[in-house]
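Next up, some structures in C-alpha cells.
What follows is chain A paired twice: with chain B in the first complex and chain C in the second.
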Partner chain A sequence: MRRRRRPRGWAWVAPALLLLGVFVYLPLLQNLQYSVMKWDIYAGGSSFVGLANYEKLAGDPVFWRALFNNSAYAAVSLLCQVFGALLLAALVEGLRSERWRRALRAIYFVPSAISLTVAGLLFYFVYEPELGILNALLRGVGLDSLTQAWLGQEGTAIWAVIAMSQWQGFGYSTLLFAIAIQRIPQDLFDAASLDGVGPIRRFFQVTVPLTREMTGLMIIVTLSGAFQVFNEVMVMTSGGPNNSSQVLVTWLYRMGFGRNDFGYAAAIATVIFVLTLGIALLQLAITRKRRVEW
Partner chain B sequence: MNNVRLRVCAVSAAVLIGLTACGGGTDVEAADLTAEPEYEGTLSILTKFGGEPLSPYFEDLAAEYTSLHPDVDFEIIQETDQSIKDKTKTLVASSALPDIYFSWTGDYADKFIEGGLATDLTSVLAPDSEWGGTFGAASLDAFAKDGKYYAVPLYNNGKFMGYNKAVFDAAGVAVPTTFEELLAACPKLEAQGVEPLAFGNKDGWPGLHFLQQLFAYNVPQDVLEKDFDPATATWDHPGYVKSLEEFQSVVQDCTGTGSDSNGVLYSTAQQAQSSGKAAMYFQEILEFDSVVTDASAIKAEDFGIFALPAPEGAEGDPAALEGSPEGMMVNAKSPRQALAVDFLKFVTSKANAETLAGAPYSQPSTIVGAVSDATASPAVVEGVAELNDASYLLGWLDAVTVPDVADAWLAGGEALVSGSETPEEVLSSVRAASDSAE
Partner chain C sequence: MVSRSNVLGVVLRTFVASFLLALAVVVVYPLLWMVLNGFKTNSELFGNPFALPLQFTWDNYAKAWNRGVSSYLMTSVLVTVTSTIATVFISAWAAYGLTRMQIPFSRTVLALILGGLMLAPAVALIPLVKMFQALGLYNTFWALLILYVAFRIPFTTFLIRAYMVDLPLEIDEAAAVDGAGKARAFWSIVLPMCKPILVSSVILNILFTWNEYLFAMVFTSGGDLQTLPIGLTNLMSKHGTEYPVVFAGMTIAAVPVILLFFLTQKYFVKGLADGVGK
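Here is the complex of A and B:
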C-alpha cells in the first residue's frame, strides 16, 4: 500500500506565519522605518531624517513627563493590582463561609466588567469639581478644604486617572489570584495549621510561594499594560491640563493626529515597543527559572 | 523541496510588497467644473454634522438630489466638531479622502491646498461668477489663497457673549462697553446668586477663544498675521502679555469655577446658562439656539448677545471679531469633481441655505439673504449682522496657527487657568514652538 505523503510541519504553519508577518511584524518594521522619516500625509511624501526624531524625543519635556506618568502608573498598579490583589484574594479565600466568598468575588469583579471608556466617563463625573460626588462627600464630612478639580489641576490629574484604573482593574486581578489560591492543595494549608503556623506566616510561606507563577504573569501583564494605557487618559483628561497627565500613547496620538508629525509619533511607538518587549523578556526569563511544582 | 520553499517565500514577499504598496494616491486631471457633470456614480461626503439636530441635513439633501438624479448615490460620513480632525487625517493618510470634505479656514485649509488635495474652484466660485456672487464676499475670501478659491463656505460663525437680560436688569448692570466694565459687573451679577460667567475649559480650546478675541483687541492686525506664520513670527508684542493677564482676570474674577475650570466640560458651562444658573457664557453663533430652547430656563426674550468688550486704550482693532466661516472642499483627486461641485451648488441654493439657517439646524448660512427674521432666531440674525459689520474677522487661534504653535497655546491656556505658569512663561513656550516649527 502506497503511503500518503504528509505535508511538512512548516507548510501547516505557513498561513499563520504569513498572517503574523503581514499584521504584526510588517507594521513593526514599517514603524521603525517611519521613525527615521519625516512624513507629510497631506503632501503624500516622506524624507529620511536619520535619528532626528529620536534626538527630538530626548529633548522633549512632555515625553519625559509621559514616561514618568507611565512609570507612576506601573508602580501603583504593581502595588494595587498585584500585591494588593493577592492579599485580598488570600483574605477572601480564607473566609469560612462559601456564600461570603462568592458574594465578595462578585462585588470585586463588577468594576472589571465595565469598559474602560465607560468607567473613565463615569469617573469624570465623580471628579467633577462642582457636581461630582467626590467633592460632595468631602464637603459632607467637613473636609471642604480638600475639594478641588481633581482632573483639572496639574498636580492631581494623573493620580485621579490612576486611581480610577485601580478601581477598574483590581477585581479582575483579585479573581485571578483567587483561582491560583484555589489550585493550592488544601493539605498544605492544613499541614501549616497543624504545625501552629498563623495566618500571616501561612500567607508568606504557603500562599505567596505557591502563587508565584500567577504573580509573575500578573507582573508582566500589569507592567506592560501600564506602558500602553490610553483609553482612560483620553476620556478623562486628554493628557491635560498643560500636558500634566500625558502618557506615552496619548502623546504618540497627539503627535500623530494632532501635529501631523507621524515620524515623531513612530519614534515614540518604538520606545513603547522596546519598553514593553524588555519587560516581557525579563519577566519570562525570571519566571522560567522558578517553576512551581507540588 | 528548496524550490517549494522558494516559491512560498516569493509568494509571501509579493503579498507583503503588494500590501505595502496599497494606499497610494491616484493623480486625476483637473476637471472642467463649468461643464455639465455626468449624473452617475457614488459621491462620498465627510461632514461635521454628526449628532442631533444637524445630522439629517445632508442626508435629506442627498436623498433629494438622488430623486432628481437617480443614478447618483451617496456615502455620507458624519463626524462631530471634536472627532473630525482625526477622521480626516486617517482618511488622508489612507488615500481615502471623500469627494467632498469639511474644512476650517487658516492653516487647517492650507494643508489641503498645499498638499494638492483641494480642487481650485475659482472658475465657478470667484465672487464675480454666477454661483460665487450668491455668497458673502468675506466668507469666500476666508478660503482664498493666492487669488484662488478653494472651498465653499457653508455657514459663518463668530464668538459672542450671550447674556441673561433678566439677571442683568435685576443686578442693575448695563451691557458692558469696555473689558473693565465687564470685570466690574461680575460681583454685582454674583450677588444675584448666579455664576457671572460660565466657563468650562476641559478641552482647552474654550480658553483659546477668549485669548484670540483679546489678541484682536490688543495686537495690531499686521503683527498678528505676521506672528501666525512661523517664518515671520516673533510673538513679542506687549499686547500678548496684556491679553493673557486679562484672560486670567476674567477667569478668576468672573467665573464660578476659577482655577478649577480645566476640570469642567464646555457643555456643562453651556448648560449653566441654559438652566438660568449663569448670567453670561462666551459662545459661538452656532450655539445660540442650543442655549435657548423650548425646554431651557432662559427664555428667548431674555437672551441677548454682545461682543466681548475691548479693553480701554487697546492697541489693536476694537471693531475686530473672532470668527470665520466653515466650509466644504472638493477632493482634487476625485474623479467626480464636476458632480461634487454640482451637488454643492444644490446644497447652497437659496432654498437649501434657508433650511440650514432655520430651525432646527440654525447654522448662519453664508448665502446672502438666507439668514433673516423669517428663517433664524433674533440672536442669530443679530450675530450675523455684527459679523458682516466687523472691520476684521480673526480665525480661531488653533486653526490659524501651525499645529505645534496651536498645541503650545492650548497647553499655555490651561496653565494660565490653573495658575501654574505666568503669561511670560506661556509666551516663551509659544515662541519656542514657533521657532522649532519654522
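Here is the complex of A and C:
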C-alpha cells in the first residue's frame, strides 16, 4: 500500500484543535487557577488564597439551594423527558395513521424550536397572577383556591420554571425516541403480536430493550443539561424570590458579574465541571465496551 | 360478535388518542395565545385573557419591529449564518482528516476534539471574559462568532465523522488515480456525498445559535450588538407595561425557526437518525 505523507494530516485537524485549545481547554484550566485566587477589583490584582473559595462555598446556603434545585431539575427531567418521552414515543408510533404520527411528532417538537428565552417569557405571562392563562384556567374550572403567584413565591418558583422546561423539551426527546423505535425491525413487533403479546408487555419486552442505547444517551444528555440550566431561570425569575430558584449557573453569574467575585464564581464553575464531567465519564465507561470506534 | 378484548382494545385506543390530542392542545395553546396577544390592545389583554382580539391590527408588530427587534433580528441572522458556515466547514475539514489521513497520536487528537462534547460552556465563562477583554474582542461580533464555532465543533465533527466513516475509502483512491489531490477529493467528491449529514448539521447549528443565551448575554452586555434572545428580555424590561408589544416581539423571534423546522423536517429527522443512531 502506498504510504501517505504524514505531516499533511495535521493541516486538516489544526483549525479545530487550535480553536478548541485556545477557547475551550485553556479557559478550562484557567478556571481552576482562578478558583484558588481572590480578585481585588479596586486594586486590580489577585492573590493566591488556596481553598478559601471552596470553604466559603461549603458554607453558602444559596449554593446548596442551587445544587438542590439543579438536582430537582435532573429528577423531573429524567422522569418526563426520558421515561415519559419513551412511553409517549411508543404511543405515537403505535398509531395506525402515518399522517397523525408525523403531525404529532412535529407539534410536540415546536416548543423545542422556539428559544428558551421565548418559551420562558411566554410562561412568565402564563403564570402571571392576573392575566395569566393558568390562573384563568383554574378559576374557570372552579379551583379558585389553587390560583397563586406561581413565580412570585419561594415555594413554587423553581417548580414553575421546571414545569416550563418540560413543556419546552419533551418534544425533542420524543422525536429522538420515535426515530429509535422506527429503527426496530417491524417483524419483531409482528412476532410479538402473533405470540399474543399485548401492547403493555410488547412495550417492556421489545421497545424498551431495543431502544436501550438511545435511553442511555438521553439519560446522560438530560442529567448533564440539568446541571447547566441558565436561560429559563434567568428569564423567568433571575433566581428569586429570595434566591429560592437559584441554580448553579445563575449563582455563578451573580457572583462573577454582579459581585465581581471571580474567584468564587470560578469555584462554582469547578463544581459544575466536576459534576458534568463525572456524568459524561460514567456514560463513556458504560458504553465503551459496546462501541466499535474509540 | 364483539368480544370482550375487542371492547377493551377500543376503549384503550380511544383513551390513548384522547391523551395524545390533549397533550397537543397543551403544547399548541400557549403558542396560539402568544401570537393572538400580539394583536390585542393592553386593555383587551387584561380584560379577558382567553378572548380573541377584537380586530387584527399589526400595530404591536410594527412597534416591536421599530423598538429594536429589527436590529436584534439582523444581528441574530448575521451571527447565525457566519458561525454555522464556519462551524460546519471546519468540522467537515477535521472529520475528513480524522477518517482519511494518517495523523500522529490520532487517538489523542480524536479524544481532544470529541472530548469537548463533555464540557459545559459555563465552566470556561469567567476566564473567557478576561481573555476577550485582553484581546479587545469583548462586546464585538467576533466574540460570539469565535465562541459559537469553538463550542460547536465537537458535536458537529462527531456527527460528520460518524457519517464519513461509512463512506468507502475507494472513492478517494479513485480520485487519487485520476490525479486529484486530497483537497480536491474533499471538495468535489467526499463533501457532496456527505450532503445529508451536512444539511442536518446546518439545521442543528442554526437552532443552537439562534437560541443561545449565556454567551450572548455575557459577551454583548451593554452594546448595540444584541441577538434576539437578549433583545427580547430588553424589550420586556423597557416596555414591560405594553405586553402586546412584547408578545409581538416574541412571535417575530419564534416564527423563523418554526418555519425552518417545518420546511426542513424531513432532512432534519433523517439527519438526527443518522447522527445519533450510530
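One rule holds for everything that comes next: the second predicted complex is superposed on the first by the 269 of 294 C-alpha atoms of A that agree within 3 Å, B and C clash if a C-alpha of one lies under 4 Å from a C-alpha of the other, contacts with A are read in each partner's own complex, and residues count from 1 in each chain.
Here is the rule we go by: contacts are C-beta pairs under 8 Å (C-beta built on N, C-alpha and C of every residue); 3 or more make two chains touch, one makes a residue touch a chain.
These numbers were taken from a predicted model, which means no experiment stands behind them.
Enquirer: Report for A:Gly169: first if it touches chain B alone, second if chain C alone, otherwise both or neither.
Expert: In the superposition, A:Gly169 touches no partner, neither chain B nor chain C.
Enquirer: Regarding the shared-chain residue A:Arg259, is it in contact with chain B (first), chain C (second), both, or neither?
Expert: After superposing on A, A:Arg259 lies in contact with chain B but is clear of chain C.
Enquirer: A:Ser238 contacts which: chain B (first), chain C (second), both, neither?
Expert: first
Enquirer: Considering only touches as defined above, state whether A:Gly152 meets chain B (first), chain C (second), both or neither.
Expert: first
Enquirer: Would you sort A:Gly216 into first (chain B), second (chain C), both or neither based on which partner it touches?
Expert: In the superposed model, A:Gly216 contacts neither chain B nor chain C.
Enquirer: Would you check which partner chain A:Tyr34 touches, where first means chain B only, second means chain C only, and both and neither mean what they say?
Expert: Once the two structures are laid over each other on A, A:Tyr34 reaches chain C alone.
Enquirer: Hey, is it chain B or chain C that touches more of chain A?
Expert: C
Enquirer: Would you check which partner chain A:Ala280 touches, where first means chain B only, second means chain C only, and both and neither mean what they say?
Expert: After superposition on chain A, A:Ala280 lies in contact with chain C alone.
Enquirer: Tell me the contact category for A:Glu130 with respect to chain B and chain C: first, second, both or neither.
Expert: both
Enquirer: Using the superposition on chain A as set up above, list the residues of chain A that contact both chain B and chain C.
Expert: 10, 21-22, 26, 30, 130-131, 256-257, 262
Enquirer: Which residues of chain A touch chain C in the complex?
Expert: 4, 6, 8-13, 15-17, 19-28, 30-31, 34, 88, 91-92, 94-95, 104, 106-111, 113-118, 121-123, 125-126, 130-133, 136, 167, 171, 175-176, 179-180, 182-183, 199, 214, 217, 224, 227-228, 230-231, 234-235, 248-249, 252-253, 256-257, 262, 265-266, 269-270, 272-273, 276-277, 280-281, 293-294
Enquirer: Which of the residues in chain B come into contact with chain A in the complex?
Expert: The touching residues are 5, 8, 12, 15-16, 19-20, 25, 85-86, 89-90, 92-93, 95, 111-112, 114-117, 201-204, 256-257, 259-264, 268, 403-404, 407, 410-412, 414-415, 417-418, 420-421.
Enquirer: For a test of understanding, state which residues of chain C touch chain A in their complex under the given definition.
Expert: 12, 16-17, 19-20, 23-24, 26-31, 33-34, 37, 45-46, 49-50, 90-91, 93-94, 96-98, 101-104, 107, 109-114, 116-131, 146-147, 149-151, 153-154, 157, 165, 182, 207, 210-211, 213-214, 217-218, 221, 228-230, 232-233, 236, 243, 246-247, 250, 253-254, 257-258, 260-262, 265, 269, 272-273, 276-277
Enquirer: Along chain A, where are the residues that touch chain B in the complex?
Expert: Touch residues, chain A against chain B: 10, 14, 18, 21-22, 26, 30, 40-44, 127-131, 148-154, 238, 240-243, 254, 256-262.
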